[in-house]
Amino acid sequence: MNPMTLRTPSGYWNPIIWVIFLILFGLVAYLIYKAGNPKYRRDTDQVKPFLSGNLETDKEKIQVRASDIYWGFIEALKEYYGVLERMHTGDIRDYILWFVGMAAIITVILIGGI
Amino acid sequence: MNSVLVNLPFIVVAILLAIGFYTIGFKRNLIKIIIGVEILEGAVNMFIVALGYVKGGYAPIYTQAPSGAIENMVLPTPQALTLTSIVIGVAVTALMLAFAVNIYKTYGTLDVSKVRRLRG
Amino acid sequence: MMEHLPALIIAIPLLGAFAAPLFKRHHKAVSIWAILITGITLIVSLLLTREVLVKGILVYVFGAKSPTLVLPSGYKVPIRIMFEVDALGAFMAISATLMSFVGALYSYSHVAHESGLEKYYSLLLLLEVGILGMVLTGDLFNLFVFMEIAGISGAALVGFRSYRGEASEAGIKYLIISAVASLMVLFSVALLYGEYGNLNLAYIAKNIKFGVVDLIAFGLLFTSFAMKCGAVPMHYWVPDAYTEIPAGGNPPLLVATYANLYALFRVSFTLFTNIVINISRAGWIMVILGVLTMFIGVTMALVQKDVKRLMSYHAISQTGYMLLGVGVGLTVLHDPSKLMEFGRDAIAGGLFHVINHIIYKSLLLMTAGALFYVTGTRNLDNMGGLARKMPITTISFMIGAAAISGLPPFNGFASKLIIYETSYMLNPILTVFAMVTSILTLASFVKVFASAFLGPPLKKYENVKEVPKPMLIAMIILAALCVIFGLFPKIILDKLIYPAADALINYLQYHSWGGLA
Amino acid sequence: MTTVIIRTMTRILTPAILVFGSYIILHGHLTPGGGFQGGAVFASGLALLIIAFSRKRVKEMFEKVPLSVFESIGALGFLGIGLMGIVMYTFLRNFIANSGAPFGMPTPEGINPGFLNTGGTLPYLNIFVGLKVLAGLTSIVLILFLILRREENE
Amino acid sequence: MRKLLGIIALTVFSIILFLTAVHLRSFGSPPHAEMDKYFIEHAQKEASANNVVTSVVFDYRGFDTLGEATVLFTAVSGVLMALRHYGGRKK
């Protein structure tokens, strides 16, 4: 047990204990699953969504595209992302100029300017 | 001031490096940017060779050398390093030009402000 | 024969690379040849690591009468090029050889239908040679030469699909970046040579005096290696290169990036370690670069649509963790009490994160390559419902995503835990940034999973199948490593990582060539 | 397409350039120069040959020459000589010097007229590197030339 | 904007390079040359070559030369691979 225990200043990690907890929670999850509705059947009419009589739209149309995910997050941080967009011009000259600027800054700091 | 005069070759190297970085940073043509990289390489090679110079030194080769050569030869290591880095520079240039040919084929231009489909 | 291992580990892949073009058109033969050579190199590197861990620093002088003859009789200075392999170099060598093997295995099917494969595999082996030379050498000019080998072969691999313009664009960007960086490295090496008349790393580190020139050389070396390892704001080449290279070349390219990170650590810890005041300054620079890298990388990743580009931005942000961990150690390097309190653990956490990240990021990029292999696109908007079609790829992607987000029991968890706790002891703000980065990482991988694997099955992908066996085997190897490293982190740390961290900390041993002089 | 003057001068000059290149390669351990420089000179002679003639002539001239094989042979020879050193000493050891083998005669100390039969492994490495460099540079020039000339023809 | 920032960065960098050149040891008088003295004295005996530079390139620093040959090999492979779709002899 001890050679596997990774001690950190405020805690520890041990795979055996983790496995035990995994089994425990797996059991709990199984019990919850068993307590589910027994009358449920796959591939019958009861799994069809009821859209008040209208028939279901094509799945490809209602699929959530990647660019729609986290729309709100990106909308909230629009200014920040505007800055980033202006940083990321895919222009090789800017890559080199950033390098020159960082070299200047880091060297000045190391010499002790700041 | 005296150190400036004594170290004139090193000053020249510094100026060449600045010119090279300017060329890479502000020219639009890809070929000119490759030339800028070449200028950097030339500057660094000049710097290494200049480091090896000894006042009034002879080439470090014994074959039919002048009589005074043995006690005053220039340092051989910088010349060896320069040889290596020159060949490396040739290799890098060849590959960059090959990529430039490809880019001109597919983009139809060598203007680096247009050659940026990859960004963001 | 054991004392010749450092030479053999370079000579074997070189042999493979030089012989590869002789297989003219036999593509299967050259693929199998490359897999064989990388496998042998992997075994050699394991032997080398065992030697180093048992015997301490291993020195190999090229062209001398005996491998350990550092100083010629009656001379104070080292004359010839030497390899100086300590635990850190051996640790990097293991990751390099392992990833090259996995990459060659993966390429067997992934690029099977392309032309010019003998050149591809020869360049793959040359990339491995460059990485190994960079991480094993003890000579500054030799470091430059191998850096150029790694850079040129990496750029050529990035431009492999030369019928696509983007590949050539990314290739020339990476080539110019690495040419400029290695030229600045050469300039700094020349400065040091002019000051001290030698090129041996340990010798210069012993005799260094710190005038202005030395500090300028330090700054240039620091910045060049920081750019080559993709630290913000010099990271722009990383997404281009990682996106355009064939997925089989991704693992070696990743290790090449971290070979530059290794050189950054080596320069800061071993070469310039005697500057007592400025080294903590350098440590703070490293920490700040690390925090910037983490945060900007992950926020850029969140808005990407191209799956490989997204993962490349995650590679940037994970590099920030390594810079943070090792930088925390560097700030307290000359303060023994703090070093024993958390500095050593911080360095160990950073180095452990290096190998963990190499493993799971290669796995993720390979799954992205598998998606590209079956769908022909990298745009996430055009994917969906692939989980039922490719179950093994899906499972390995889930393992990789859980590992990169630091969920137990996968390997990202252990190293991130150590980094959080040690950076908390230096300054709590750093830990906040690290945790936020981790959360955003999980979020963006949930996005990839939802849009590529879940969702209704699309009509155009009705008859896609699971990818061929070699790719699956490569992915399964890495997924298994993720789980093993995550379940038993203590064993890996004690066997491999803490020796490497100690190799960084007690630099005096490196300066004396392992007690040889 | 090039003029008759260029082609005639090429016929005259190329052999001289090739001989000079091989001289530089062989005397690399005595006089300035060596494998890289000599190989470059040799390749420049071949480059002159390439640019002087039409695409068709060049194609049939270089159809038979396996340049990449030459290059691999040069690199493998360098590596092989390095590995031979492992047997007794270390990688890339100059084990032929002062051993009496071909190119293994000792050199007299100090200034001397220079003797070809010295240098140990140096002449061998020079030859291999020269072969490799001339093959490599020639193949680069050749493929760029073939591309550009195809542009003109199409 | 971009041009201005670039000019500023370039100016500071050039000043740093100028500082380097001024603070470097004076030209033509290397302070430490033990390694090179060793080469000049022992090249004829150890490498049995008159040309000290060649003996450094191929004997004392032969490993760098192997790397250099490797770089050239790499570049040739890269060029031939990058241009393979234009045919020529690669078809």
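Just so it is clear, A, B, C, D and E label the chains in written order, and each chain counts residues from 1 on its own.
Keep this in mind: contacts are C-beta pairs under 8 Å (C-beta built on N, C-alpha and C of every residue); 3 or more make two chains touch, one makes a residue touch a chain.
Everything numeric in this text was worked out from a predicted model, so none of it was measured.
J.: Can you tell me how the remaining chains group up by touch if chain E is left out?
T.: Taking chain E away leaves a single connected set, one piece.
J.: What are the chains that chain D and chain E both touch?
T.: B, C
J.: Give me the fewest steps it takes to get from chain A to chain D if each step has to go to a chain it touches.
T.: Minimal hop count between chain A and chain D: 2.
J.: Would you say C-D or B-D is joined by more C-beta pairs in contact?
T.: C-D is joined by more C-beta pairs in contact.
J.: Between chain A and chain B, what is the separation of their C-alpha centroids in Å?
T.: Chain centres of chain A and chain B, defined by C-alpha means, are spaced 47 Å apart.
J.: Could you give the separation in Å between the centres of chain B and chain E, each centre being the mean of its C-alpha atoms?
T.: Roughly 9 Å, centre to centre.
J.: Please compute the C-alpha centroid of chain C, do the same for chain E, then give the distance between them in whole Å.
T.: 24
J.: Please list all residues of chain C that touch 2 or more other chains.
T.: 14, 18, 21, 62-63, 141, 145, 148, 152, 155-156, 159, 162, 168, 171-173, 176, 180, 194, 199, 212, 216, 219, 240
J.: Quick one: which residues in chain B touch 2 or more of the other chains?
T.: 17, 21, 24-26, 33, 51, 61-63, 77, 81, 83-84, 87-88, 91-92, 94-95, 98-99, 101-102, 115-118, 120
J.: Two or more other chains in contact with one residue: find those residues in chain E.
T.: 6, 10, 13, 16, 20, 23-24, 30, 33, 35-36, 39, 44, 50-51, 53, 57, 59, 61-68, 70-76, 78-80, 82-83, 90
J.: Mind listing each pair of touching chains for me?
T.: A-B, A-C, A-E, B-C, B-D, B-E, C-D, C-E, D-E
J.: Quick check on the complex: what are the chain E residues that touch chain A?
T.: Residues of chain E touching chain A: 2, 5-6, 8-10, 12-13, 16.
J.: List the residues on chain B that touch chain D in their complex, please.
T.: 59, 61-65, 67, 69-70, 83, 87, 94, 97-98, 101
J.: Hey, which residues of chain A end up touching chain E in the complex?
T.: Chain A residues touching chain E: 94, 97, 100-101, 103-104, 107-108.
J.: Please name which positions on chain C make contact with chain A in the complex.
T.: For this pair, the touching residues of chain C are 172-173, 176-177, 180-181, 184, 212, 215-216, 218-220, 222-224, 226-227, 233-234, 236-237, 240, 278, 281-282, 285, 296, 299-300, 302-303, 305, 342, 345, 380-381, 383-384, 408-409, 413-414, 417-418, 421, 425, 443, 447-448, 450-452, 455-456, 458-459, 487-491, 493-494.
J.: Of all residues in chain D, which touch chain E in the complex?
T.: 28-32, 34, 36, 59, 62-63, 68, 71, 74-75, 78-79, 82, 91-92, 94, 97-98, 104-110, 112, 114, 118-122, 125-126, 129, 132-133, 136, 139-140, 142-144, 146-147, 150
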